[in-house]
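My questions all concern the structure below.
Letters are used for the chains, namely A, B and C, taken in the order the chains are written, and counting of residues starts over at 1 for each.
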Amino acid sequence: MSWVLILEQFLNGLQFGLMLFLLAAGLTLVFGIMDMINLAHGSLYMLGAFLAATLVQVTDSFALGVLLAVPATAVVGMLLEMSVLRTLYERDHLSQVLATFALILILNEAVRIIWGPDMPLSMPAALSGPVELLPGMFYPAYRLLIIGVGAAVAALLYLLVARTRIGMQVRAGASNREMALAMGVDIRRLFTLLFGVGAGLCAVAGALLGPLLAVQVGMGENILILAFVVIVIGGIGSIRGALVGAVLVGLVDTIGRAFLPMLFGLFFQPRVASAAGPAIASVLAYVLMVAVLYFRPRGLFPARG
Amino acid sequence: MHRAATLAVLALALAFPLAMQETYYLSFASRIFVYALAATSLNLILGYGGMISFGHAAFVGTGAYVSSIFIAEGITSAWIGWPAAVAASALAALVIGAVSLRTRGVYFIMITLAFAQMMFFLVNSMKAYGGDEGLSLPARASGLPVDLGGDVAFYYVALAALAACVYGLRRLAHSRFGRVIQAIRENEARAEAIGFPVYRYKLACFVLAGAAGGLAGVLLASHGKYVNPNVLHWTQSGTLMVMVILGGVGRLWGGVIGAATLLGLEDLIANHRVEWLAAMLPNYQQHASLGVGVVLLAIVLFAPQGIAGAFARRRRA
Amino acid sequence: MLELKNLSKRFGGVVATDDVTLDVKRGEVHALIGPNGAGKTTLIAQVAGDLGSDRGTILFKGTDIMLASQHDRVRAGLARSYQITSIFKRLTVLDNLALAVQARSGSSFSFWRPVAAETALAEEARAIAAEIGLSGRESAVAATLAHGEQRALEVGLALATRPTLVLLDEPTAGMGSEEAQGIISLVERIRARVAVLLVEHDMDAVFRLADRVSVLVSGRVIATGTPEAIRAHAEVRKAYLGESAAA
């Protein structure tokens, strides 16, 4: 077990975590401010990936395709908010769960009808090779790009939320919705905008992860649950919590899957290790969530004061 | 539902195999019974108890897998495998409930979801029992007074199990326990304030529902002689919830109506071609879930009481 | 019967109840008054078990109940009513009361026999309905009751648990003076067998019913005594009565 391997898995975990953050950020704000559980968030991630795949083909440029997919997905997100999701704000959580679950079904099939079960999306040729980070240590350039973009978006989001007036309204809304309303924040427009931003972030994640994880119908479901785990760990309504939670989950999940079976192999018989190792590794993120909730029932950085 | 209507439906159900010899429809009806059982068990927690559990698939899956493992290991007697599977599901519900019911609201939803996903991944990695490819069984369980291998026999066993559960739910709803659970759903704080140890009642409800869900799982695996980890996936929990809300949350027949409607709709769309629809959308039959999604969305937005609820309202008016 | 010693509770930086010491004797109606935000409801919640306490002791019939759960306190004979009506809105009046009776009569882990067959429960519920003046409204769904009737049911639910001491949190809240008379008469009827800690704003009710009055201001008890003594108490007049005397 060389330190090169450890570093490599660490970077993989960071990369996954940052992409999870992009999903979690939109999700936590919607949940924190509008108090709405949106299961269809994963579908926007899928839509972003599919749109990117098509636009990359059309423009024959990876960068352009991805960049155009973001506003396109954002628009779809805002249309969805204005038509269907808006009516759910007043409803109870069960109704929201069921309605957005219905949206998953609808959007999955709609994508399947329009595009088919999957779409090819390959990483740009220029980035498909490895980069020598340290003497003797190579790391895929594309994954470095993801880390870079993820970190940049995180920084941008931080600036937006912490330094702009809109950001302040968002934070106020997350902290105390009634108060924000009473103080004249135009909630309707803010919500729609928020949704659009969340959808855009999903598109970035979907487009960037597409070449690695395959662009296919249903890709949203698996990552959606992890995103919820992230925001529960981080604290609902908190961007900072989403970032910390996402990186934590990304690292735990990736490093766990990489090393736990190996670790088990050191202590247990090979038959047990090969069964138990991967099994436990795949549930580590959930165990982490249950553990965090035990000590901090409202997550690590709850937004509601 | 009126006693007369109930008896009529029961009579129809009993007579069905005598009139219908086609295996496909017998098998399909059995499948409806099994899902109706699963949905009814969820209705107990969700509709009567007011607990939004997103992990019910875990109990159905536990029942399915434990009973299948017994058969795979050569213990084919239903008298051993089935009670063991139901007990395992009840135990799973006890453990998961004990932890989850300490939380509230969305945290409860997330924790039940997390536990279900944990079980999904655990089962997925059990290479000895098929892993992600699932486990095929050589035959259904033996030892019952009827040979379960026959479709007609299985149909009646599934019907009996469903009928027993629905009847049990009816008696439960009117019993002391039923009153308490519904009061807790109504106003948990006051229920505690008049002297009910709320946590204990919720947990008991959870375990009962888990056991019933386990029975549904047993029958599910038995029906197709096959089980795979997808039966534990959170989207399966979602499907069960769809059935419950479709049929009517908190209504006695909600699970049955919901399962029959959902599965019936899917079958209708998949197997009975509507020409004018096909003219517009040639492959529409492969996209049945789109229709399901639209119907579900419509129900949530416009008719939250579900089908049973709509009927109840009309009767009162 | 009930002894509170140095009871305190803070929420973050806010001190809700501060070193509260007071007692309620057997057969007594002890009123608790104070300006809005004084911490009266918090204190009730602490005594009933809705809320945990940071410091202090609660002795009920000589036993320390600080660690007892709310439902155990109720079983021991300590019940409360709520300032903001908290009833089972979709059940009938009779079903509401029957539930409380059911809670204290045997186990409810009974899954098969229908409750409707238990005539004893219904009879007791009817008796309580009569006591709180809702005999004519037994089969009315609670949500359809008038505000005053709902408040009566609110108190009735607490009484149905057959407490030896009841905590009434502003039972006349939102009522006109005529409706409030009903509640006042009710407390008069039950005082022989149930001790009462009565939180109230309605001074008419307080001075008619109370054997003793405690005044809570900013979480602290500033005075305890007979109604006349409190009326004359300088600090109390300044802090509280001075404002409502004009009203």
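Criterion: a contact is a pair of C-beta atoms (placed from the backbone, for glycine too) under 8 Å apart; a residue touches a chain by one contact, two chains touch by 3 or more.
All values derive from a computational prediction rather than experimental measurement.
Note: the chain lying farthest from chain B is C, by mean C-alpha position.
Chain-level centrality, scored on Cα centres against the all-protein Cα centre, points to B. With each centre defined as the average position of its C-alpha atoms, the distance from chain B to chain C rounds to 44 Å. Our note on geometry: chain A versus chain B, Cα centroid distance of 31 Å, whole angstroms. If you average the Cα atoms of chain A and of chain C, the two centres end up 50 Å apart.
Looking at the complex, you find that chain A touches chain B at residues 31, 37, 84, 87, 93-95, 97-99, 101-106, 108-110, 112-113, 221, 225, 228-229, 232, 236, 274-275, 278-279, 282-283, 286-287, 289-290, 293, 297. Of all residues in chain B, those touching chain C in their complex are 168, 171-172, 174-180, 183, 186-187, 189-198, 201, 204, 208. Across the complex, chain B meets chain A through its residues 46, 52, 54, 99, 103, 105-107, 109-111, 113-115, 117-118, 121-122, 124-128, 234-235, 238, 241-242, 245, 249, 281, 283, 287, 289-290, 292-294, 296-297, 300-301, 304.
If you check the complex, the residues on chain C that touch chain B are 48, 50, 69-71, 74-75, 79-80, 82, 86-91, 95, 99-100, 102-104, 107-116, 157-158, 160-161.
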